[in-house]
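In what comes next, subunit A is part of two complexes: it sits with subunit B in the first one and with subunit C in the second one.
This part shows the complex of A and B:
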């Protein structure tokens, strides 16, 4: 016997990579990267970007904070309180809807449609409309914050209720008990881990809703502080606000995550960001009903909203009014060309950012899988960034990129990048070990591993992220346009807002929502078909 | 006969896993010698380290101590030379590929993607002609295992490692596949190590049956099986076959008793 595998000397195959950096403890690696980023940031701000109003050095950010800490803490506290109220109300509503959808299955599709519609609303333009009802106080930011969490919590709660083990449900049925008992004894308990996963994402979303609500006409809070700072080009101030928002949003995300792990330590980490879309029942009638019932429900809600709050007809626009503005009024052609022309710009810049963000995320996830030390250094940062509502940092991006068409694209790209990266990477790490062993046993190349294992296993997560990213991208785009670029439908809306032109505001909100819903469903349809084709019976 | 398989020598191999704060010693002092073209069956109580041993030989894991040598090559070199075929307990098929393309995967990985004849031959061999285009999710557990076996054979490896590949199969199919395995082994001369829980199966197909002790696993008994080949099902009914099965069974019981005796021996 000559050549041999000598004891323990050098384990050849245990770590898939084999770089020396793989042995550095992850905490140290992350800390080192963090320090390096701060140093680079300081350096760039003091040299290349000095005096450019784009980038504030970290030291200046800290100094600015301490100089005006009273102002910052007051407004931060205000926004946080707003977000907390919105978080509470929004989640209560979402839970009530999810419980109803579970107990009354035939309502499920309609409730789902309402929730999706809420998710697809261009929040920034909804704020002035809500303000008609609520007046100038704090109610609008709270309402927006509540609306911002409904979708995630609803999806997570529903997933949780559905995750209840079928065998346990059968046991209850075998004792002759019905849905209600099954719900109380099995489903509610089973849903806790998924629910926490949803609440975790809802925390930063609530903060986002609050700040966006404050962008338009609040008297206090970080949102209005941001708008003023943007107007006065107070670069340091904008950076301080972005950092504070990041800290609070990430704090909420981490705290709820820790609470969830504490309450259900047995549960594996759940990914409510990557829930596959539900399958549609076959049959033309089912499909038609599935399409029309939700639309009808949304219209009913629309009318109910106007009626319950008794909004003056001058401000209130019904679906029929919106239709008339677009198609039958004297100025309809003008309105159409204004809205759809601007929409074209928005869609163009948004889709560019969307594609760049998704593709970039997939490529980065693959790089992380193939170069483990890079993943360990950068992934914690990516996870933290995913938890912050990127929209809150929009002003920073506006400062950095400037006020052009590219700003929208950059913001959309950043917004879709981080969640997709985290979802895809997580899916890739869940590639079954057995499959990797088979590939390893033939000494498969990295390319073969990517093609045969990592890429296919990440497809469901990629598609789910792509679907969720449609409304969030449009939201990001409209916020960017509203605050900065002066292009696209966001700019049309802000002009209408300043002129009190509620006609245009309503039409824009309606059109944008419909576009987002359609985009969502197009991706969902593609997702269903792809999953079905890839692995029939695997998709839900 | 063309004996071109690689001999396998395993000497004093140990492997310890970290488990929480503690450690699990899976293997200690594990020795095994399989001659070129030999067929060895590995048998032992659940959790004794059979799968661990197989993974070490496959170069998928490295031992903490001891030596594994295959005709001058390390397992890792064998693996890098793409000379190994494995079928594990868990079939590990790619859910998005069909039966045929799952088998073809192995050919693709060794750079022979166009050898459709080899794929068709193996699909037929494992009795899945009608299911060539089916996805794993549309197959039964046993059918999936057969796909995994076909995949392990399609590249015509020098070393074939099978970890309870027939676990989920009915007795009849199992017997058929044992016959096929024997036929392929006789024709190709592939060195084969088979982990199984079935003593009759081990005695039927192997040249040598190694019995392992409970964890930490090592080989505690060797049984040379001298029955002439090709072995046929008539052999299953003979007294000498039963005698051999009895002997292995006795070794296995003795090996399992070893640990228990430590605690209960009254003397």
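This part shows the complex of A and C:
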């Protein structure tokens, strides 16, 4: 399985279990929970939700799949193929960038800024702009899918290259060989575990990109089939698609994890979500350069993008246009109140969901540590749920929460909950045995264990997850606003492109991206300070 | 459909085409579903539809199947739309020679300086309706007051306009976001839906749910829908190609009108991956025929519109905040096409 379940195998790090359930094999526990969930689902669908066009019973879902299996498999194949192409190109690009950043260290910060900016771009507004460049065909879904994976793979690959053992690098250096040789002989090999951890996260992300891409016009695919099914009251169909997407996304996640362990059986599983942030060099000048250079690079890329693709002025807006639209045009005040009003709504609902998701994840991780049988029963499900595309979760959340501001909050909470849970729990299981021994010798209570051992060891993972969750939460919020609530900046963006209002579209993209990048850096700065204070020298 | 849509049709120079091919490794595979390569003599054009493949464009599929495009010298790729794309942009960017839009969307782009022209109007009566359950019907705009209405958020202006045209207090309507989905109405989460006549109501009818529809067009909402748009530049440099495309369209829709059942069959057969239901699509094909043909088209031909309807559109669009003039419409191509009478 993944890091969590693997860590679960290292029994000594867990507290001594008290429950008889701890002796039940994990597979059986998980299977029992799975069967219970299916039974409850069937029961609810046949009773409370009977006759409503919301929840289909599992038996009906299976029957629907087999009746139209050709249709489902063709559409699934199409979306998966699109995602696979995006996965390939996006990861190749990420690898190339990571290699460049490793071999040419002074480029590192600028590449990082560009990659982070791509990660922070709101998908739903980028899709129509990409469609404008690529024209009809499958290129837009593939490109979106590729963009969705660049950041996480870049970070993972970079971490992997950096994890190369210093002694091996010293040997290369002592033979008078340069960076390139060091790279080929040591760094590349050392990067495999981290790289595969990154690719694991990339698989479901690529799938989401492909499905959103289909909304910009395609003949087939699961995204389109979903929209058709919604309009035609085909509830069974929606649930078949949800189940298939979950299976494919989770399958990709698990398969890549297995491949990584096959290639690199000696190394512990890593989780990229838990990678600490890189340290900024001390000194005011360095800080300023470190801040301004990447921003400049991003703006250069913006202009280059418009110029390379020769986008017509009606669509193409430069940073200056965006600035004018916000601050100097006649209707600037109106634009500001529209954009910032909507942004306020989005940020409010998003941050609420973000905090609930992170706090819930931390508490759940602690519960899992203290009640091991619960962890063994539920963790595999959490691992699966973390890779479900949001397009699929949205209708399910609407079912339970309805269509209001709370929907966005719930979706954001769910999106940040699962990755954080897995990361924090994994970190807690790696609590040094020495600390636990000391606590045990004092007959410490579980509360004391939590306070003195598990909570502190999970802090780096929690902060790293919190940082990654900033852009993904905003992505989730805008998709939710589009599909479910019709509020906030997500709705502004969709209205803008349906009305061909490219000024508002670009302003929204720029503002939202800047907010996401700032949010990311704020959490990163907090993370750095906290880690320095907790364990100076550990953060790199 | 042709074999190499991407490299041939891209509107960009070499760089972008290269980048596109790089990204679109599978474009070549996906683009060639359908018919065999067209003879070299045919001019390839993209025609951008306003939604996913749907019987709403049945006449176009019939035109293709019956060879009306080819007979007019064209190899037409019918490009699907979707919720994340605007056909107007595809036309303005020159990726598609013609697109299907609505007077309010294309009009907004026109007012913002995009050089668009309307050269055909398939739905002179706007297809927007308020759909409700027959047990709790909305028969006229006044009935909306005090009710919960499910609609897509970008229809807010349309609702406000309908309200002001009919003296309805828009603040008395509780709007709930609901998009492409009749389930909220059927499940009682809302009392009515703002949607298309030939869409969610048909789905409900097929599911055996009695429903009532109130057509916006019957209450002063005069906005041309399913309008055919091109750029001024295309009209200046490529007028004959546009006319050929319109001719093919008209012939296809004439066949559709004569036999909606076959049009539905052609649509369902053409898109096996869409999971369409023949019974539903047949019902829709008949409804669309009613929306697209009228006394005006009987007298003057499919896609024709009257001066009166342009005046009504200008007035209503102005109320929607979209300022267009008569220059936005150009009927000269249809006038030439129909020189010998309203049937080709």
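Here is the rule we use: the second predicted complex is superposed on the first by the 509 of 540 C-alpha atoms of A that agree within 3 Å, B and C clash if a C-alpha of one lies under 4 Å from a C-alpha of the other, contacts with A are read in each partner's own complex, and residues count from 1 in each chain.
Just so it is clear, contacts are C-beta pairs under 8 Å (C-beta built on N, C-alpha and C of every residue); 3 or more make two chains touch, one makes a residue touch a chain.
Quick caveat, the model's predicted, so the values are computed rather than measured.
Engineer: Tell me which touches more residues of subunit A here: subunit C or subunit B.
Structural biologist: C
Engineer: Quick one: classify A:522 as touching subunit B (first), subunit C (second), both or neither.
Structural biologist: Neither subunit B nor subunit C is touched by A:522.
Engineer: In the superposed arrangement, which partner chain does A:437 touch: subunit B (first), subunit C (second), both, or neither?
Structural biologist: It touches subunit B, and subunit C stays clear.
Engineer: May I ask you to decide whether A:448 touches subunit B, subunit C, both, or neither, giving the answer as first, second, both or neither?
Structural biologist: So A:448 only meets subunit B here.
Engineer: Counting only touches as set out at the top, which of subunit B and subunit C does A:37 meet: first, second, both, neither?
Structural biologist: Neither partner.
Engineer: After the superposition on A, what does A:92 contact: first (subunit B), second (subunit C), both or neither?
Structural biologist: Touch partners of A:92: none, neither subunit B nor subunit C.
Engineer: So which bits of subunit A does subunit B touch that subunit C touches too?
Structural biologist: none
Engineer: Which residues of subunit B touch subunit A in their complex?
Structural biologist: For this pair, the touching residues of subunit B are 9, 55, 58-69, 72-77, 79-82, 84-86, 88, 90-96, 105-106, 108-110, 135, 137-138, 151, 155.
Engineer: Please give the residue numbers of subunit C that touch subunit A in the complex, ascending.
Structural biologist: Touch residues, subunit C against subunit A: 5-6, 9-13, 15-16, 20, 22-27, 30-31, 33, 46, 48, 52-53, 77, 79-86, 88-90, 92-93, 95-96, 105-106, 108-109, 112-114, 152-154, 176-184, 186-187, 189, 199-200, 203-204, 206-207, 271-277, 280.
Engineer: Where on subunit A does subunit B make contact in their complex?
Structural biologist: 1-8, 10-14, 432, 434-435, 437-444, 448, 452-453, 456, 534-538
Engineer: Could you please specify the touching residues of subunit A with respect to subunit C in the complex?
Structural biologist: 52-54, 68, 71, 74-75, 78, 81-82, 85, 89, 124, 127-128, 131-139, 142-143, 146, 212-220, 224-225, 227-233, 235, 237, 308-312, 314-315, 402-403, 483-487, 491, 494-495, 497-501
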